[in-house]
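Down below is the structure, laid out as structure tokens.
As written, the chains take the letters A, B and C, and residue 1 is the first residue of each chain.
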Amino acid sequence: MRAKKLGRGVGALVAVALAAIWAFPVYWMINTSFQTPASINRLTPTFFPTNGTLGNYQAVLDDNGFLSALGMSLTVTALVLVVCVAFATLASFAIARFRFRSRKAFVLTVILVQMLPAEAMFIAQYKMLASVSLLNSVLGVSIIYLAMVVPFTTWMLRGFVAGVPVDLEESAMIDGCTRMGAFRRITFPLLAPGLVASGVFAFVQVWNEFALASIILTENEKATLPLWLRDFAQTSNLGVTEWGEVMAGSVLVAIPVIVFFMIVQGRMAQGLVGGAVKG
Amino acid sequence: MTTLAAPAPPGADRTAPAKPRRRRRSSLPYWLIIPAVATLLIGMGYPVAWQIINSFKEYGLAQQFGQPAEFIGLDNYIALLTSAQFWIITARSLAFMALTALITMTIGIAFALLMKAIPAWSRIVLQVAMLLAWSMPIVAQMTVANWLIDDRNGVVNYVLTEVFGMDMLGHNWLIQPLSFFGVAMTIIVWASVPFVAFSVYAGLTQVSEEVMEAAQLDGAGRFQTLRLIIMPIIRPVLVILLLLQLIWDLRVFAQIQLLQDFGAAGERYDLLGTYIYGLGIGQGQFGMASAAAMVVMLLTLGVSWGYVRSMLKEDEQS
Amino acid sequence: MKKTMLSATAFAAAGALALAGCSSAGDDEPTSTATSTSDESTPQDITLWLAGTDTPDALIDYLKTEYADVNGGSLTVEQIGWGDLISSLTTALPDSANTPDVAEVGNTQAATFTTVGAFMDLTDYYDELGGDSLLPGFVEAGSIGDQVYALPYYFGSRAVFYRKDIYAAAGVEVPSTLAEYTEVNAAMKDQGVGGAYLAGRDWRSGISWIFANGGDIATYDGSSWTGSLSSPESIEGMEQWQTLFQTGNVAQPTDDDTTTYSAINDEFLPGTPASSTLAPSWATWTLGDYDEETEGYVWNPETFGVYALPGVDGGTAPVFAGGSNIGVSAATQNVEGSMDLMRIIFSDEYQTMLAENGMGPANLDFADIYAENSYFEGVNAVALEAASNAKLTPAAAGWASIEEAGIMEDYFQAVAEGGDVAALAAEADAKINELING
């Protein structure tokens, strides 16, 4: 037992060291965001923002694109995420629990679609949205993003559904539940960690996309955050990167994601406790 | 093209298991997949069809601006498959994919196992650090990375020079293609490990304490427990994660594109994603770009076919 | 505006002209050119795409107000990031329902879009919009034969920014020939007090050595383009550049143009400081002494100076001109509105505003205002002097592909690393020939 305790202690130290490595770039981003151009441009890096400035944040918030981009990104991401998780959960239940005609074709399609490079389709996606007047609209970009993340989410969730023993559902059905009822009451709560992991992924995908967005969201007030940040980094002061402002922008773009992650982390714990069915 | 866009070519089900475990054939599964299928059809149907058709056409900027696009049969494909450039970039992409996916999976699984074995406080510290890393938007990640390795006053060169005594001031990490891809790989691994670690950890939480204790009582060692008890349970998750890492790392686009935006541009720094983008948007050769995308898809399928097949098979038997 | 017209002569001639038109800058009345049409036309709501945030907000506001006055419709302006410009234009320009009516495009991209017919033929309006007073090299980039499609929007030029204090300490004078530029920098580097900042991959600056020796990137024989980096003149120029790089330079072969904007500021380089840098004229924003108050750099004429890169036999060396073109989308449904906007852009008022804001005006009749702009501390005068010799990249359909592939950057870097110029030039020419004709 002592060896085990020691092992846990060493493990904890290793974990903290790894945590430091993983968090360093984030720290550096935050550190830089509080510095003046002078201290950033010095040859010796400034490791702590002791003489910090909020000027960079002021500059970002003064940039009229930021707030509208934040709104746009939040709307699109929320819409896509909710619809995607709903659709994918249903589909993953179907392929994990049922044998049906064309099941295999569906599974293959889901895999193939993910293997298809998106970079050659931008023109076609533009034409498609243009033909139904959905350029520069939340709905248009959401439709394409949804098709982008549903296959993955379905695919991911299928593994989690398959990981829940089917016997649990069957015994619930013997107790009088319908098929869907058994899924909803027994399996769904156990899926919480999987839902969080794959939902978070879908979120990150959508939140990050910029190549397609740059083509179909050409109105400045419709730009999403990555688009805004990219332009902001490229255009600040005629070709010179204002690292402080760009880092401040990066921090502000990351904050909604951190908040979202914190929220679902809590949910994940609840799901774990609530669905703790001992196999 | 219909096999891609439409989910149900007749006869696709002929390898379905002879003795279905679910006795009743209900219509429920069809209702369940309708929303997902509709999403794919609406969002992808037209673009995929367009891409397939135009991969057989001479479709350049002139055609985009109204010239009629002529069918040229397999010319695009032939030009592509006989181009040394394409094969060099393909080989480079495959190597990049294999290495990146392998490193990501190894570190990710190790992190998950570590999290399972350590006290809660330290697990939370690691989880928070990973969450922070993971929550960095890609554009921000790449911007920060570029700032870290800035040749003149980036902190990486500074620390290497001042702390480790190497003469790295002024060293540009993005010029040597190998170094460029090393940087890209480091960033991608750094950014993907949290996802793998959290997913594997979520899978591990499905392994109940009692099973673990029973295994230990039976005298199973650490490694045996891992191999015989834990791995089989989280296997479905691992299989999917690995496949996904392979697919994503092969079609990686955003990180490479953004890294190129920061300086080193050109074909020496291309992987398939940026190559296709460069062909299409950059050079306006949309027919070629479409053909390249189709080839890459088939290539990905070819590379992962054994894997996909065994997974499908296993899936049928479960 | 024949293709054969030499930009140099036109620039020189224009520079000598003092034009009366600019005196009307303060008038509230739109000029005659801006009101001459649309007698009873219906108002049209149009969209203008500008590249990046180069055009100041005040100018955008002016365009909107003027357009509302002249046309009655409303003008929407979208700023498209430079990195997204090609992809956005490629998808939107052919789409008549969503095309911007008027669009700015980088001068090196103008030829690509013009050749495929993305822009409306403006030949009939050419004289009205400024005619031969418009920047000839840029007009050429937007023309096919005698038809004009895309007009110049603004230009920037390159000049040598230098540290007077370092030059004085080293006891050297501003050089008057290209060979002297090398000598002066080698002398400073020998003393360890400074050197030229010559970023290895910054071909847009380095190309001046090729131009100065009479070389070129590519030549047009009437039907197709051929790379000419391996012509004797081009090789001569590149060898001079290589010598300079190896004897009088403090930058790395792997540096690119992003660092040239601030290279001569204090504490920029470890070791030997840079005593001069060849940079676009707008680098005045980022060069100077750091000011804690405004957190910006302030140009200090005591220590900072500027001169035009000297030519082989004195005078000024031709430099690469930056800037952009502007055209009316061929797919626009609002031709009248678009032309109203074009007339506003090429009006005396707007050209004056461009010049006053440090952007080289498309219409050279306003070049004096640009040159005399006091805010830029005489830099513009030098820039204009250099611009009198400015050259552009080949107006070839495949030029965008060459930039996309990074061929020029790689060539310059390889030369900077000390490779054999003739062999490297032949290699680069082969790559250029593969792509340049589209």
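Operating definition for what follows: a contact is a pair of C-beta atoms (placed from the backbone, for glycine too) under 8 Å apart; a residue touches a chain by one contact, two chains touch by 3 or more.
This structure is a prediction, so every number in the text was calculated from the model and none was measured.
> Looking only at C-beta pairs in contact, point me to the busier pair out of A-B and A-C.
The greater number of contacts lies at A-B.
> Please name the chain that ends up farthest from subunit A once chain centres are defined by their CA atoms averaged.
Computed centres place C farthest from subunit A.
> List the centre-to-centre spacing of subunit A and subunit C in whole Å, with centres computed as mean CA coordinates.
41
> As a quick test, compute the distance in whole Å between the mean CA positions of subunit A and subunit B.
15
> Got the subunit B residues that touch at least 2 other chains?
Subunit B, residues with two or more chain partners: 64, 152, 169, 261, 281.
> Residues of subunit A that contact two or more other chains, please.
41-43, 122-123, 127, 230, 234
> Which residues of subunit C are in contact with two or more other chains?
Each of 83, 87, 90, 258, 268, 270 in subunit C touches at least two other chains.
> Could you please specify the touching residues of subunit C with respect to subunit A in the complex?
Touch list, subunit C to subunit A: 49, 52-54, 76, 78-84, 87-88, 90-92, 95, 97-98, 257-258, 261-262, 265, 267-268, 270, 280, 282, 285-286, 290, 292, 295-296.
> Using the touch definition up top, name the residues of subunit C that touch subunit B in the complex.
Within the complex, subunit C touches subunit B at residues 83, 86-87, 90, 93-94, 112, 116-118, 201, 252, 254-256, 258-259, 268-270, 330, 398, 400-401, 404-407, 409-410, 413, 435, 438.
> Using the touch rule from the top, collect the residues of subunit B that touch subunit A in their complex.
3-4, 7-9, 12-13, 15-17, 20-22, 25-26, 28-30, 32-33, 35-37, 39-40, 42-44, 46-48, 50-51, 54, 64, 111, 114-115, 117-119, 121-123, 125-141, 143-145, 147-148, 152-155, 158, 169, 190, 193-195, 198-199, 202-203, 205-206, 208, 210-211, 233-234, 236-237, 239-240, 243-244, 247, 251, 253-254, 257-258, 261, 272-274, 276-277, 279-281, 286, 289-290, 292-293, 296-297, 300-301, 304, 308, 312, 315-316, 318
> If we count contacts the way the header does, which residues on subunit B are in touch with subunit C in the complex?
Going through subunit B, the ones touching subunit C are 60-62, 64-66, 151-152, 169-170, 172, 175, 261, 263-269, 278, 281-284.
> In their shared complex, at which residues does subunit A touch subunit B?
7-8, 11-16, 18-20, 22-23, 25-26, 28-29, 32, 40-45, 86-88, 90-91, 93-95, 97-125, 127-128, 143-144, 146-148, 150-152, 154-156, 158-160, 162-164, 179-180, 190, 193-194, 196-197, 200-201, 204, 207-211, 225-226, 229-230, 233-234, 243, 246-247, 249-251, 253-254, 257-258, 260-262, 265, 268, 272, 278-279
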